[in-house]
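You will see two complexes here that share subunit A, one where it goes with subunit B and one where it goes with subunit C.
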Partner chain A sequence: MERLMKIDRRILYLVAVVVLVLVLFFPLGLPVKVSDLTQKTYNGIQNLPDGSLVIISPMYDAGSQGELMPMFVAMLYQCAERHYKIVIGNAQWAMGPQLCHPYVEKILKEQYGYQYGVDYIEFGSKPQFTVWANSALSDFPGACLTDYNNQPINQFPIIKSIPKISKEYVAATLVLDCGTPGARDWLAYVNQGTGIPLYVGEIQMSVPEMMPYVASGQYAGMIAGSRGAAEYESLIGHTGKALKSQDVMSVIALLVALYIVLGNIGYLTRKK
Partner chain B sequence: MHISTNPGIWCQAICTLAVLTYLYKDNPIWRTVESIYLGLATAYWFVYYFWSFIKPAVMDWVLVQHQWHYILAIIMGLLIFFRYVPSLSWIARYPMSYWVGYGAGYVLAYQPAVWLQQITDSFRALNTLANVLIFIGILCTLAYFFFTLAKENPVVGGIAEVGKWYIMVALGSAFGNTVLYRWNLFLGRANMLIGQWLGFNI
Partner chain C sequence: MRKEGPMILTVLSALVVLFNNYFFLGQKWGLADPLNNWFQLSWGIALALGFINLTSIHWKYVQRRREGWFYSIVIMVCMYGYLILGLEQTHNGPQFDWIYQNIFTPLMSTIFALVAFFITSAAYRAFRVRTKEATVLLLCALFVMLGRAPIGDAIWGGWSKFVSNWLMGVVNMAGYRGIQLGAAIGGFATALRIMLGLERAHIGGTGTQ
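Right, the complex of A and B next:
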């Protein structure tokens, strides 16, 4: 039994990869039940007043796009269905807007006929979140200066709808977070003071850490990891990458739990 | 199966497989790709930050828009490079001090409101099992970190032991979520290799 602790880790990796590939080719069709947290988040965004303006902030880079991009896409679909005005951008995460731009063009422009500068705008990535946020609270166009294509942002009609970030002009902020600065910085420097509801898309790793903010009501809602993204996709009726990956994630979770149990059996039965 | 002819996809696939060879053991292929990645990333971010922020600050804001106050900020930024001159490295402390001071002040101005709401929320009515468990957990976990109290005392030791179990459950939850997160990242790579590179319909 002690040998269970000494299994070469490369065998464990190989077994996990083989299982993963098998489930990719032969999906199990396991049901995805929507949790209360995801339902609450979906309802909150869905029930914003007609014609609302929302800020979607993709605060992530290529390393986290596997989990957060499906959430971003789902949020775009939901906001487009409700015909919200959408402002997209962030500070200090330069890659986020670049990764999101193709999806923004494909979904908002091509599928929903959104007009750039009128119905939506991308302001790209600005340096230093705290400085940008402090400035945007009193002068949003002045804080951004240029849009994603480096054009002066003041020329676009949608900017007149958001002279500053305040509850009067912004109905909600949707932040996709994978580190610092992230949702907690939005909360501290923007949402806590203005009272604008903050909806967060969080990577799986950070979910336990962020749950106190959900419990205290500081986050109006949270999409928790890839499972949350899959639930969100099922709610908006769009089968994306997250929903397709849940069979694999379920099987992998069971396999990892089995590894832990075997390792513990080996540990507990070892000769002292 | 329809193997991709896109050079970008092939590059992704080769680099992904090269990095994954590390799972077998450390080898020159993985080291080569690691060095290429570090070099590319450094170069990319240097060029990005220069053209996105440094060049506009100097060429547009100062020279075109005549926002002369940015000159002070540019000078402060350049003073940091005196760190590379040993006899004059003390000059770099001025912009660093301003930077740290501004940051600390800004955080102290805004963060307490966030923490205070967390503390306020911890005062809950003990009318549900969840609230009782939260109450016990907060007190016992705090007691675990009271290092000035003698843990030999059976009451204090018992409370701290309960706190220790709460901490272990929390760490276990964090560990489990981290494992799933890492596997999800690998799943993304597997989807690229099998779906985009090899062309299987999955």
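Right, the complex of A and C next:
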């Protein structure tokens, strides 16, 4: 039994890989029940007034896109279905807008017929969040200057709808967060002062430390991790990567639990 | 003046930003606007400095034929090659974007995907019920982990969700509230010390006064 404590880690990795691959080919099809938090987030965004303008800020890079990209796509579908005007961009996370751009073009332009500069705009990534946010609160076009394609942003009609970030012009901010700066910086510099509701998509690792903000109402809603993304996809009726990955998540969780139990059986039965 | 100069700059900048953020007149006058622009410039300069520093370090490795010096050449070729491509094409350029989407992004995702295997191995080796507290921690971790995956619902029905939500929404939240309050107060105290010149580590001093 003591040998259970000394299993070669290569065997552990091999078992994990085999199980992962098997589940990909033979999915379990476990149902995903929607949590109250995800439902609240969905309802909040769904019930914004018609013709609202929302800012979607993908504050992440390639490392976190596995969890956050499905959320971004789901939010994009939801906003497009409701015909909201959409402004996409961030500060200090240079990869975010570049990773999202293909999906934005495919969903907004091709599937929903959104017109760039009229119905939506991408302002890319700006340096230094605190500086950008402080400027955008009084002069959004001045804070951005150029769009994703380095064109002067003032030439686009949609910019006239958002002279500055305030509750008068922006109905909600949807922030996908994986570090600093992130949703907390949006809250501190933008949402807390303006009163604009903040909806957050968060990686599972950071969900525990964001719970106080959800409980206090500072976050109007939160999509928590890959499971939250899967729940959100089921709510909008679009099966994306998050829903497809839930079986893998389940199996890996079970495998980790099994490893922990095996290791502890070996530990408890060892000769002292 | 070597130490007093930076300290005076720090204090003056902090006062300007404070006045700008907390007083109506400060916002009306836009006192911090030039500072904000200089801050953005300094960020760009820091990036360039990083470039120069990396080049200097890796060039030394190549000159001395340090173990793994070939990888230093690879780093510099990739770094300068991508820089030149980016300057020529901007981020919308076809080759620049292709490298970004098809090489850089998958590489970054791969690094993070490896974490999953490290966690499975670490869970097996490190999570031991050595004490009562460790046992409680372990049980909580198991409940939260399984509760967040659909398998938890399949095994325990609604119980896993209930326990997982209670642990996250009550126990964890209380703990994190305390931590964040403490961190915020500590950060405020440190900022005050820096503004008053009591903390000198950031200007090459020997620490605190």
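Assume the second predicted complex is superposed on the first by the 272 of 272 C-alpha atoms of A that agree within 3 Å, B and C clash if a C-alpha of one lies under 4 Å from a C-alpha of the other, contacts with A are read in each partner's own complex, and residues count from 1 in each chain.
Note that in this section a residue touches a chain if its C-beta (ideal position, glycine included) is under 8 Å from a C-beta of that chain, and two chains touch if they have at least 3 such contacts.
No experiment lies behind these values; they were computed from the predicted model shown.
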Original post:
For A:A188, is the partner it touches subunit B (first), subunit C (second), both, or none of the two (neither)?
Top reply: first
Original post:
Where does A:P127 make contact in the superposed view: on subunit B (first), on subunit C (second), on both, or on neither?
Top reply: both
**OP:** Kindly classify A:A215 by the partners it touches after superposition: subunit B alone (first), subunit C alone (second), both, or neither?
**Re:** both
**OP:** Pick one for A:G263: touches subunit B only (first), subunit C only (second), both, or neither.
**Re:** second
Original post:
In the superposed arrangement, does A:A253 touch subunit B (first), subunit C (second), both or neither?
Top reply: both
Original post:
Is A:V207 in contact with subunit B, with subunit C, with both, or with neither (first, second, both, neither)?
Top reply: both
Subject >> First, second, both or neither for A:N47, with subunit B first and subunit C second >> reply: neither
**OP:** State which residues of subunit A lie in both footprints, the one left by subunit B and the one left by subunit C.
**Re:** 13, 16, 63, 65-66, 127, 134, 204, 207-209, 212, 215, 225, 249, 252-253, 256
**OP:** Provide the residue numbers of subunit B that touch subunit A in the complex, in ascending order.
**Re:** 23-24, 45, 48, 52-53, 103, 106, 110-111, 113-114, 117-118, 120-121, 170, 173-174, 176-181, 183-188, 190-191, 194, 200, 202
Original post:
Which residues, counting only subunit C, touch subunit A once they are in their complex?
Top reply: 32-33, 36-37, 39-40, 43-44, 90-92, 97, 100-101, 104-109, 111-113, 116-117, 119-121, 123-125, 127-129, 138, 142, 145-146, 148-154, 161, 165, 168-169, 172-173, 176-177, 179-180
Original post:
Which part of subunit A faces subunit B closely enough to touch in the complex?
Top reply: 10, 13, 16-17, 20-21, 24-25, 63, 65-67, 94, 125, 127, 130, 134, 184, 187-189, 192-193, 203-209, 212-213, 215-218, 225-226, 241, 245, 248-249, 252-253, 256
Subject >> Parts of subunit A lying in touch with subunit C, wherever the complex brings them together >> reply: 7, 9, 12-13, 16, 30-33, 35, 61-66, 95, 98-99, 102, 127-128, 131, 134-135, 149-150, 204, 207-209, 211-212, 215, 225, 227, 246-247, 249-257, 259-260, 262-264, 267-268
